[in-house]
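Two complexes come next, and they have one chain in common, chain A, joined by chain B in the first and chain C in the second.
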Partner chain A sequence: MTGREPTPVQMERLHQRSRRFTRPGFLIQLALLACLIAGPLVMPSFRVMDLVAKIMIFAVAVASFDIILGYTGIISFAHGMFFGLGAYSVALICHYSQPVQYHHLLLAGVLAALISTVVAVVISALSLRVKAIFFAMVTLAVAEFCHILGYQWSSLTKGEDGVSFKLPGVFSADWSGGALWGTQINGRLLVYYLILVVCALLFVGLVRFVRSPVGRVLKAIRDNEQRATALGYRVFRYRVLSTVFGSLVSSLCGALFAMWLSYVNPDTVLGTPLMLNILLMVIIGGLGTVYGGILGAAFIKIAETWLPDLQKLALSLFPKMELMHRLAERWILLFGILYILSVLFFPKGVVGTLRDQAEARRLRRLGRP
Partner chain B sequence: MPEAILSLAGVHTHIGQHHILQGVSLEAIRGRATVLLGRNGAGKSTTLRTVMGLTPASAGSIVFDGQAVEKARPHAVARAGVGFVPEDQAVLRGLTVEENFRLAMLQESPEAWAKMETIFELFADLKKFWRAKAGVLSGGQKQMLAIARAFVGDHKLLLIDEPSKGLAPIVVDHLIASLNQLKRHTTIILVEQNFHMASQVGSDYFILDDGRVVHAGLMEALVDDEGLKQKYLGIA
Partner chain C sequence: MDLAPDAGQAGRRWAARLAAVSIWLLPLLAIDPTTYLVLTVAGLAMGMLLFLTAAGLTVIFGLMDVLNLAHGAFFAWGAYAGFAVLNALNGLGWVETGTLGQGILSVLLALLAALAIGGVLGLFLERVIIQRVYGDHLKQILITMGASMVLAEVIKVLWSPNNQTVLVPLSFTGSYDIMDVVINKFRVVAIVVGLAVYAGVMAVMQKTKLGIIIRAGVENREVVQTLGYNINRIFTGVFMAGAALAAVGGSMWGIFREQITPAMGDENLIFALIVVIIGGMGSVTGSFLGACMVGLAFNYVAYLVPKLALGANILIMVVILFIKPWGLMGREQ
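So, the complex of A and B:
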């Protein structure tokens, strides 16, 4: 063998690579993208568009959290805080810039990335060398500090009232560009497409990241830190890299979320419930899967949007059943039951469990019971 | 004169309050397989871990390939060319067989991939389970993966800790054949309780007792020395 000719192993890998555009997984992704593009034009409902935009943003935020928790095994409670830093960067720059221009949006995005990178590097450098629980406690304290800062620094953040703002030019809620195939083209629709494009790019970036050599090292660290070190990898550097990258993506998601709402307040983008939601989404979707983020975000956001409507449905379907009305009124209980069921039936999350089952089938074909 | 690839001189290692290595001195000759023998708790595994920097030496010197490594961190020792196969089938269980190998390559190159073909000749099962998670492999397959992974990393020296532990005799025989193939390509230091395996693979030996080297020599001489085997290894 000359060393220039591909070995049989390399040939097999090249063959696998050549088939990647015809695999069912790729075709499903393509179909999903087509639905997201055509959806608002075919079915112009603001409620549905609002739901889908939030699912897209949270799917990417959850996938970025999965890089930190699922791939590297680091427990961070500051992911929601980074989301909030991104959201506040957009909100404050757009609110205090009169008149707001396109370059202000760009500046906000750059500022969000810069602040989150600096904060993540400082937190990681100070606390990732020691035990994981210490990092978790530090991130919890810093996140809570930022939440309180959002309330207390009211001269800048408007405190509990929050900051509302206008977006520039074609992204403004007032802008209208006529109709296309019966659908009104307006600022909201263009913000939706902007979110779609940025989220798709970020998601592809996350998938490429976990499939890169760096992603492999992160998985090795999660599996056994000492073995990864003995193989020649500087574990600390990789941990910092993972935390910074995940936090950076989260802050960009926060920036998109603020653009979608044109409003932020400390509870919606910095509060503990946001962090818990992200945690629930990643557990439901499956740790260490990236794609699980899409399912986790969809499950929680759909449940949050549609479960409150159960009360109306119960009233119309069973007008005399008091118990049914009470149950439907307390939809959060049903949400809890749904969550417990999902964990019971998909202990490794939906994607994680399905992957395990596929792996088991493949092993059986290879003769392993 | 044979050249030593690794030299330990008066190495002491403490783990917490315990003084485990109490002045270990030994040399591993380039291109040969050196076996560390001794009873449980003699300090054999700690010697390997100390060379790797996983339990750093508190005193003494360790020279690998002309370079002092007693203060080096584990990743630096690995990058200098020392591969480590810990005991208990130390694979990365959550990663596929392929990912385990690609991690070990550090830098993927055509030469590294070409080496994979040699590995598949020695361990055919690893090719079969190429895309399976390492955690689902049998004990023997995991051990083979752990050794093969260290081999693919282009290491000048392999430290292998009790590879036969918990394996069926037939698997041990396969492992002996594989290690004898591997030692043609690289230098090996093997810690082994199974004297049959140690004698089949090793060229030189060091016997450790209570954290010190108490005897050393050629393996072929030890095989015939019943008194020494009885005294330090408890083999009748």
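So, the complex of A and C:
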């Protein structure tokens, strides 16, 4: 290849490569990262830190779901289940090993990755063979089974009560390391930074995956399966690969989530509400954009923290109307309606729509209508 | 000479059928025969109620190519509609203290209410939402999932998020005792209704013009359209019928279990999906067989190892997917 003229595509890519550190997108990412690092030191509020940590975790979980749904065109209803498998791996290992040590966390991470890989390979090998919608149905059934198992296998998972546990050493809630510039350095803060580091790495990994040759093949399969087959790509293998990769990342997110809460129960990490939240986030952020995950997760998580205030407002505005109270209590109903409306009328999400506009502007500049 | 392979094939097919049936006798090794019979009746009753949901799901998929994940919500709505009617009639003294005739009438009214509410919801959902996403599987699955969530939430708003106890006429509770085999009365009703619905659906599909159009639509939508039939109207009708069947199933389930929750729709949807995958998408008979299998397996396993009951059904699904990726009666597309 060395002696040959570069093809136009290669030229374009080289051009993009040379500008990658000066693009506005890259600068925004750097600024965001700086905010996340400095945030807890500048503004020591637990409520904000809690919100930001959850947004980071869900941003990565949603982005990994986007790999499966937006880039491969497969609907997996088991994404929440993989999240839960990761969460339960950490919770159970930390709960049952006394005393907890650092290597237990590593062990839990490896276990989460292993279990989710095996389960994802089995499910996808079984159902992706036939038709992508079989996958949706099978994952729905398996996820429900896991949810029930979380409730009923109470000798292991303690059923409905959930598992609470302590993290090892400097990550434990009662560890304290003095103060730095007026901020208490404690276990929670260190877990926050651990989450930040792991999420940033996972997110970069997801972006690299999408831009890699494999990612391009996945997009090709999504857009035109027959053509991709005709070009000699083994569609089935690529689909399995993407599903497994997405599920694996999801389980690691679940592990981080469990570490942040130091507690898991079947409804918060295995139930349908979690899956619906992920779906809503990915739709609002935009399918097939990866970055949409950040926006979607931020939107929903911020809305969730505001909703109790909204309920109080509703109660004070309509003190007599029983039905209004019940409506305000059922905020999933509002999210559900929002979700249906965005699937119908806003299918590209925030990031997708913005990208379309940017693309249209670029084409106009080039003089092509 | 050329007859021999055919005979061999037929023989093999019968052997396979015999084996398939005899698998269901296996639990006899662990369960004593009396209990086995009780469980079998319970399983068949459950299968019939599952069939009511699965039949709509499979026909809607076959004809309209729509995977309707909101089908479970119709089931739950039917149960709540029946519950509301029985509650209202109990105010008249018909249900808990009424005569046999009043009891039967109130159950019939409850089922009718479920039928109506299912039809109305089906009409609404098909016209308002699903018609916008024909031909796009991804959007269909996403949007019907959302619709299912919204419908379940509306139940929680109108009634309550907690369990409700369904009032059941005295004449429908209690059980028959035939040589120590205890058979719940309502299970018999469920089996009769299920068989009747199966017979009815098959009769409509095989003998009527509408059935011919539907079967032709499953084969090739465009050709039916070019022959001058308004396929959209048929879609709406089939969707409504499917929703109404699911709602009736839900209302019977409520009367049978005497308890309903807003989450029952989701649970039922899972079973119905397993049934449809086992039976093959688009096949009514396949769904009937699948529903019986799932109902029986669930009851046997629930008796032996309660925690794995749903797991056993998923296992059956996995095995079927291995042997026949398109389901028992499904056709490769």
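Here is the rule we use: the second predicted complex is superposed on the first by the 318 of 369 C-alpha atoms of A that agree within 3 Å, B and C clash if a C-alpha of one lies under 4 Å from a C-alpha of the other, contacts with A are read in each partner's own complex, and residues count from 1 in each chain.
Just so we're on the same page, a residue touches a chain if its C-beta (ideal position, glycine included) is under 8 Å from a C-beta of that chain, and two chains touch if they have at least 3 such contacts.
Being a predicted model, the structure only gives us computed values, none of them experimental.
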item	value
First (chain B), second (chain C), both or neither touched by A:99	neither
Contacts of A:223 with chain B and chain C, given as first, second, both or neither	first
Which of chain B and chain C A:362 touches, first, second, both or neither	first
Which of chain B and chain C A:233 touches, first, second, both or neither	first
Residues of chain C that touch chain A when the two form their complex	67, 69, 129, 132-133, 137-139, 141-143, 145-147, 149-150, 153-154, 156-157, 266-267, 269-270, 273-274, 276-277, 306-307, 310-311, 313-314, 317-318, 321-322, 325-326, 333
Chain A - residues contacting chain B, complex	1, 3-4, 6-10, 12, 213, 216-217, 219-220, 222-224, 226-235, 288, 359, 362-363, 366, 368
For the chain B and chain A complex, residues of the former touching the latter	52, 54, 73-75, 78-79, 84, 86, 90, 92-95, 99, 102-104, 106, 110-111, 113-114, 116-117, 120, 127-133, 136, 153
Partner chain C, residues of chain A touching it in the complex	69, 73, 75, 77, 126-127, 129-134, 136-138, 140-142, 144-145, 148-149, 152-153, 272, 276, 279, 283, 323, 326-327, 330, 332-333, 336-337, 339-340, 343-344, 347
